[in-house]
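Naming follows writing order (A, B, C, D, E, F, G, H, I and J), and every chain is counted from residue 1.
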Amino acid sequence: MVTAVVLIQAERALLEETAEALAALKGVSEVYTVSGEWDIVAMVRCKSNEAVADVVAGKMLQIPGINRTKTLVAFRSFTELDLDAIFPVA
Amino acid sequence: MVTAVVLIQAERALLEETAEALAALKGVSEVYTVSGEWDIVAMVRCKSNEAVADVVAGKMLQIPGINRTKTLVAFRSFTELDLDAIFPVA
Amino acid sequence: MVTAVVLIQAERALLEETAEALAALKGVSEVYTVSGEWDIVAMVRCKSNEAVADVVAGKMLQIPGINRTKTLVAFRSFTELDLDAIFPVA
Amino acid sequence: MVTAVVLIQAERALLEETAEALAALKGVSEVYTVSGEWDIVAMVRCKSNEAVADVVAGKMLQIPGINRTKTLVAFRSFTELDLDAIFPVA
Amino acid sequence: MVTAVVLIQAERALLEETAEALAALKGVSEVYTVSGEWDIVAMVRCKSNEAVADVVAGKMLQIPGINRTKTLVAFRSFTELDLDAIFPVA
Amino acid sequence: MVTAVVLIQAERALLEETAEALAALKGVSEVYTVSGEWDIVAMVRCKSNEAVADVVAGKMLQIPGINRTKTLVAFRSFTELDLDAIFPVA
Amino acid sequence: MVTAVVLIQAERALLEETAEALAALKGVSEVYTVSGEWDIVAMVRCKSNEAVADVVAGKMLQIPGINRTKTLVAFRSFTELDLDAIFPVA
Amino acid sequence: MVTAVVLIQAERALLEETAEALAALKGVSEVYTVSGEWDIVAMVRCKSNEAVADVVAGKMLQIPGINRTKTLVAFRSFTELDLDAIFPVA
Amino acid sequence: MVTAVVLIQAERALLEETAEALAALKGVSEVYTVSGEWDIVAMVRCKSNEAVADVVAGKMLQIPGINRTKTLVAFRSFTELDLDAIFPVA
Amino acid sequence: MVTAVVLIQAERALLEETAEALAALKGVSEVYTVSGEWDIVAMVRCKSNEAVADVVAGKMLQIPGINRTKTLVAFRSFTELDLDAIFPVA
């Protein structure tokens, strides 16, 4: 499984709607509105880099209110949790 | 539960050890080494902002190899998952 | 009580009106027009991170003239004053 | 009364001590450890710009652990509170 | 007397007119068009921070061609000149 | 006469001494300690660009505590004052 | 042969079309959509700096969706591959 | 003679026309289209800072396609060439 | 195959040695010294994100002279070439 | 002929010596000390990109006092002068 942390700057007036729409996307496991320079953090978990791109550069395009994104692709995950069980990828 | 996304710039030579040490901290649920401007993303989940600070500005201090951190405190989470069940906070 | 320091870049021509409108918001205790890179600093004091978000990403949206905001969520406060008495949060 | 908002980057290992030492300074009314690019916000309230400088460029120098500061001098304050009564300046 | 150094980015096509209009403002003693990242430097000399704000965030608003300003409020002046005599403030 | 506005980042612990030493330099008419990203602004007034360089890259070198400078060379001055009379250049 | 690495920020909604159009240009050997601050990396291989400019500042202009480019001109290449054979330049 | 190095960001679609128009200006000796963050470098050589300003903030205004300029005014030149002979200034 | 474009800032005095050592690494297909803000671009081609991390955060650590790296992980490649044939990955 | 404009940040105390040493290098036609963010601009004129690299990443290494360089490689030159005659390249 490939995990990506997507940092998002969003239209202030659409913040909550944007976060909700992101959370409803297949491939997006959790979405957080956050303090600071970025407005939203979306956790994307897919089978491959190509599938991450399909979410970030594909499906996310149908969601209005996103001004800028920066995608951090995970090289490796470190956790005591069984991420594959918690976040099953179709 | 308060979630915080901690972006970390780490000493290159200690990257994997740093990530492992972070993942072993109480209050840290997952750690990812990532591509780009930041080296590591740590997900912190605690009961309050003060508890997040105890992790970020307290426990993390015992870990060598961390050069810079930027903490994004979550205002709200959007997910179909039951985060409180997945990430129980003592 | 959660305190947040909101740094704001505002439309120059609306600066004073924007500051006044911000100061009238419930949850905002003080507003300062300031020198330098930022135009306005608003002190937000609420019961929780969610309530801070309701002010910063919610109520502030009805105020015109705000171009960019950066919210610094306080982890802990250090003061000899009794902030809870001075700034009662409903 | 002149108010100044001082944004501070501090040595991670000394964060809490630095915040406490700042809060004990005459002329500093409140100190907050915060999330994001800055580590500490100190509210300075004095009689004049010169007095603010005596705090920021003078007294603060005896405090170890401060790496960088950015001082936002307030032009005007907007609040329903009586700041002069709450924060009496000698 | 409070001195403020105002760094200004201006519309290229209006540079000289903008500089002339700034120099004609009460509270502005000298204006320089300069090389580099900023286009104009205006020296503002007033009785108080509030009066500086009236110039920078008030009167300057009637002048077209100003895109961005950064105001450096002086804490203290060091000179062998008698600035109060040279730049009398009403 | 060539005017240059020199923005200076200085060692915090030496700020006032640095400002005083700068003000005593031939060719420097006024020095201000200021709020924000820069610590000191020095006004340099000389006969030519070469003479400005002799001050900025020459004499200033004997002054400890200066970390970084940015020199804005003035193209033209706009003022009702007689700058040549106020700031005679040998 | 002169190689240039062109970093490109592109219109999110046109990302894949832009990448495909770039890859079809004569002088462009490979195009990658990438994570992070830049959206696309294009490898340009030509006979001279002038020919690189014809691609970057010329042919690329017919492609919609490109917001910003930064061209890194290679001084020298280090590889065990025979780049001239792999990427023949007309 | 005063030399200034003008760094220019230009409209991509007009790059070559802009460079040609710049090169035809009196006071501009050479123009280069370049790789990287800036698009064009123009060498300006005039009798005084005021004359440089007349070129940079005056004549250049008639040329379309220039988005941003940064002018580096030379303090001194170091060369074995006789610049005054090569670049005679009227 | 996962491709990554690694932007590298290197010690000036070791530039060529660093580039040569990078090119000799398994998983690195080509290395370019380049003009501008970055000094070296290395093309990394591996079987997975983890394998890319083994190169970037692992093997590259034995190479002296590397100050900073930014890794752009490719989502997709667009080319008429058969990259898998040209750059076989063990 | 390939022209490169090299922007240089230099040790303040060695500025003039550095400029003189640069000007004496084969391949460097002119050097200017300049105002602003950069300290020195060196004009490099060579037969190829490789030769430019030999100057910028090679010969310049023997010169002390250079902290940072940014090289802008020219794609094309626009001038009424005969640059090849003025700046003969061996």
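One rule holds for everything that comes next: a residue touches a chain if its C-beta (ideal position, glycine included) is under 8 Å from a C-beta of that chain, and two chains touch if they have at least 3 such contacts.
In this text, all values refer to a predicted model and were calculated from it rather than measured experimentally.
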Checklist outcome for this item: Contact-pair count is greater, between H-I and G-J, for G-J
Item to check | Fitted rotation between chain E and its twin chain J in degrees, CA, nearest 5 | outcome: 180
Checklist entry - From chain B, which chain is the farthest off, judged by mean CA positions? => result H
Item to check | Centre distance in Å when chain A and chain J are each reduced to the mean of their C-alpha atoms | outcome: 46
Checklist entry - Roughly how many whole angstrom separate the Cα centroids of chain A and chain C? => result 28
Checklist entry - Per the centroid of Cα atoms for each chain, what is the distance between chain D and chain G, given in Å? => result 50
Next on the checklist: If a residue has to touch 2 or more other chains to count, which residues of chain D qualify?
Outcome noted: 16, 33, 35-37, 53, 57, 70-76
Next on the checklist: Going by the touch rule stated at the top, which chains touch which?
Outcome noted: A-B, A-C, A-D, A-G, A-I, B-C, B-D, B-G, B-I, C-D, C-E, C-F, D-E, D-F, E-F, E-H, E-J, F-H, F-J, G-H, G-I, G-J, H-I, H-J, I-J
Item to check | chain E - residues contacting chain H, complex | outcome: 12-13, 15-16, 33, 35-37, 39
Checklist entry - If you look only at chain B, which of its residues touch chain D in the complex? => result 4, 53, 57, 60-61, 66, 69-73
Item to check | In the complex with chain J, residue positions of chain H that touch it | outcome: 3, 5, 16, 19-20, 22-23, 29-36, 38, 41, 70, 72-81, 83, 86-87
Item to check | Touch list for chain C against partner chain B, complex | outcome: 2, 49-50, 52-53, 56-57, 73-76
Next on the checklist: For the complex, give me every residue of chain A touching chain D.
Outcome noted: 35-37
